[in-house]
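By written order: A, B, C, D, E and F. Residues from 1 in each chain.
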Amino acid sequence: MPIIETHVLEGYSDDEKARLSRALTDAALSVVPAKPDAITVMIHEMPRSHYMRGGTHRDPAPARPDAAATVRAYLAAMEARDLDTAKSMLGDGFVMNFPAAPGMSALEELIAWSKPRYAFVKKAYDKVEAFQQGETSVVYTIGTLFGEWLDGTAFDGIRFIDRFELRDGRIVRQDVWNDMAEVKAQA
Amino acid sequence: MPIIETHVLEGYSDDEKARLSRALTDAALSVVPAKPDAITVMIHEMPRSHYMRGGTHRDPAPARPDAAATVRAYLAAMEARDLDTAKSMLGDGFVMNFPAAPGMSALEELIAWSKPRYAFVKKAYDKVEAFQQGETSVVYTIGTLFGEWLDGTAFDGIRFIDRFELRDGRIVRQDVWNDMAEVKAQA
Amino acid sequence: MPIIETHVLEGYSDDEKARLSRALTDAALSVVPAKPDAITVMIHEMPRSHYMRGGTHRDPAPARPDAAATVRAYLAAMEARDLDTAKSMLGDGFVMNFPAAPGMSALEELIAWSKPRYAFVKKAYDKVEAFQQGETSVVYTIGTLFGEWLDGTAFDGIRFIDRFELRDGRIVRQDVWNDMAEVKAQA
Amino acid sequence: MPIIETHVLEGYSDDEKARLSRALTDAALSVVPAKPDAITVMIHEMPRSHYMRGGTHRDPAPARPDAAATVRAYLAAMEARDLDTAKSMLGDGFVMNFPAAPGMSALEELIAWSKPRYAFVKKAYDKVEAFQQGETSVVYTIGTLFGEWLDGTAFDGIRFIDRFELRDGRIVRQDVWNDMAEVKAQA
Amino acid sequence: MPIIETHVLEGYSDDEKARLSRALTDAALSVVPAKPDAITVMIHEMPRSHYMRGGTHRDPAPARPDAAATVRAYLAAMEARDLDTAKSMLGDGFVMNFPAAPGMSALEELIAWSKPRYAFVKKAYDKVEAFQQGETSVVYTIGTLFGEWLDGTAFDGIRFIDRFELRDGRIVRQDVWNDMAEVKAQA
Amino acid sequence: MPIIETHVLEGYSDDEKARLSRALTDAALSVVPAKPDAITVMIHEMPRSHYMRGGTHRDPAPARPDAAATVRAYLAAMEARDLDTAKSMLGDGFVMNFPAAPGMSALEELIAWSKPRYAFVKKAYDKVEAFQQGETSVVYTIGTLFGEWLDGTAFDGIRFIDRFELRDGRIVRQDVWNDMAEVKAQA
């Protein structure tokens, strides 16, 4: 309990259906405190000719891409300073908020902003968490930063958390928090 | 599309069923990029005598409490320095991680840790986000801090994000990030 | 075969649900040439809190009135020359088409038009047939006319058919055919 | 709302299933005054081995032919005076009723009856309406007649309505009304 | 797996529904070798107005009585030599077959037949097994006989098995096997 | 009524699904006293990717073999004195109980036990009845014995009943009753 039946049009891949089934399982667990093994999800798939709304057949929309995978790819491109790839993942109205920084909307601004702060920084991930809120996908990445200060000394283990919003498969907002300033202040 | 049918035992309140239905709606939207209005959720409720597993009837487990509500109540109790109430919401093995602070497990430690940092701090919330991962409920609270430094000057607008994990309706982990140090460093 | 399951919100009367079930039975029979006894219809009724579309609960719309009953009441009112009652059943844009007559839109026009044709006319019904086409209800009434010519002689057994269109429970169109002229020509 | 699920045996074509789905949609709309877009029909198709009644598997009956299409083909054959084709579409006990004419059962009678009335007549269709009543399919054709009187003058725009009953895919009754006599009387 | 959904008309008691659910569970286990805990049965109950077959509502038939309970009551009545009660449980055409005895149809015949064989006999039950075959209920009772021979010596531990057939809730056939003769032969 | 829907994973043969459907039909008839023709069973089969329990896909267990067929094959092997084949059908802890005989667990014991009793014996079957009780399959075979006594005289028509229990497709218990001793005593 509960037992969840989902009726969908044919056209989703096994991976997409597994993603859907896992999301429904977690949704059920958010209210019903059962062991996960007690949550059953069944997908009933229909060919186009077996589903009619308003007297007309419908086509399935292509699945929303996996938001967590999109964010990982974006962050990998940013670490590699592959701005073209990173930009291709951004949607209209993209904004970034970094600690005590003005809101930025171009990746070049971010690079300029970071230049006086560190030589480079990379991320070690502890967790990537994704969930959906209406038409917005939200992804959190959590972990620690490591890299090099401008003076060439190394740093690592600095906690960070990034929050992303995606619409229609594209990143439209990034919010970043980390302990860099706290660590520097304690140094 | 999709159309989601959920079979549950009688015993959940309308609020709990609405929470379940909204969670299932968002789960569907995480894969199917439909307008939310195209997502239908039906709950089929069964009295105890209409559900049998393994030849025996089953009782519904009481609903998992709303994790977001629990976190809000905990944060309100902490702001009011009502430690007894706050403690009653913590589960076994509770740990807290604050910016560049050692892991803490007692609320008194946190109060001691904060004493040399500010006179008081309060939170203005922008967002509370909750979702489920297996048996763990995750809640994010996002907003800005305002309060008073030790020298009596006021501050506000400092971004923060808190992440909570709950098990069995109790908070077992709190991770906190904010821009306090960054703001101080820029001051 | 087939077996038809219908999910509806609570709020329809037993009569309305029987009307729905019979309409679904006939719909199935239009394609599947089974004995009617082989057609099964099940209604699954949901309280408001068990149905959610787009993350919000919905209210059931009051049932469309029985179109055949509306037409019968309208025709009874017309026979009784109770024009106020008859008019209350008409919708915006109502038009009437009588044999070789100009289109009329007011009941008074019809009465004026019929004055030189007969003293009075009444209907004996053989059949009333109603079905739905999208948002339009169509009703046919079939039978024979009886009454009195202007010269006082009686007539009867004159075949007629009326076709009505209803929108939102109101009559918006009436088309009338009958054998009056043919009968007169043969007299 | 409502959501209609139909369980049928495999063996119906996409066209037949679309016909069934549209008929079910209209059936739902006859009682529930929703926008057609709010009516969902799902077909669940089963192979023969997945359906058992009374302990035995069943075979699907071939679909009832589209009654409207049969009537159109019959009327086309009649206009072309292709009596053999037209007769092949008639069922046992076929009867025809024309304005103020005796009931006829043979197409030749009709042709003899019409000979002194007009040189030829053809139909311009406004509407063909079909619906099912138990095991009887009912089809209405509505439009105007055009053709030539015996004296060689042309006519057109004469309103007509034909009503057909079909059983087991064959026409068993035809009732005809039109304004011919009225038009002649006014001429 | 499997998950079994049963649609029934309202009107069965909780006990009858539990009996139905357990029978369906065992039916599933006869083919699917799952742990019983993996078999889920859901009952969907409909008021009379929510079920239509062939365009008419139907009434639920009263449940078939528990065949095992009927047989137990019959055997208790026979042991108590309460022939009237026992006879009230027999159906038309009742026959009994005892070891190497002619077929009997009246309980008095059985009593006459047993008179020269033992003073009295009673049953200790190990098992009562009931299952359904189409419209026939089959019940087996298995255990050991104890009692007294005609010479007054006691006996016990003699294996027996009785097989009963019931139609419409009444016993129509009883077949009896036991080791009495074998035991006597060995004595 | 009732209408039974069964959701199973793909992987069962048509024969196994027919066996399941018939078992469910009989289960329904054990409580609902309908004509068998009124019992409908539908199987909804899902590919592995359409069923998830506890967040993971599952594989269907191979069907339990037909217990009645296994018992028939075992009895045929025993009649043919093909002990190796017969033994291959026995499960751990197999026991046999014959009339007034000590419990035996090896087929050789049975052969030794029968040697002084008859030259040979064969079975004519009237009925084979199988049903399931939790994880145990129960099979009854009923009929008459024929064969030859040790003195060469033939016998036949001696009633017998065998009861078998199977676990995991193997016979773990056989109980035998018959009228042999009674017949001999009467001889």
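Here is the rule we use: a contact is a pair of C-beta atoms (placed from the backbone, for glycine too) under 8 Å apart; a residue touches a chain by one contact, two chains touch by 3 or more.
From a predicted model like this one, the values you see are computed outputs, not experimental measurements.
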Intersection of contact partners for chain D and chain F: A, C
Relative to chain B, chain with the most remote C-alpha centre: D
Centroid spacing, where centroids are CA-atom means, of chain A and chain E in whole angstrom: 63
CA centroid of chain A to CA centroid of chain F, Å: 57
Overlap residues in chain B, where contacts from two or more other chains coincide: 3, 7, 17, 26, 35-36, 40, 42, 44, 51, 53, 55, 134
Chains that touch, pairwise: A-B, A-D, A-E, A-F, B-C, B-D, B-E, C-D, C-E, C-F, D-F, E-F
Residues of chain B touching chain D in the complex: 3, 40, 42
For the chain A and chain F complex, residues of the former touching the latter: 14, 17-18, 21-22, 25-26, 35-45
Sites on chain B touched by chain A in the complex: 1-9, 12, 16-17, 19-20, 23-24, 26-36, 51, 53, 58, 60-64, 67, 97, 99-100, 129-135, 137-138, 140, 142, 159-161, 163, 168-169, 175, 177-186
In the complex, chain D residues that touch chain F: 7, 44, 46, 49-55, 57
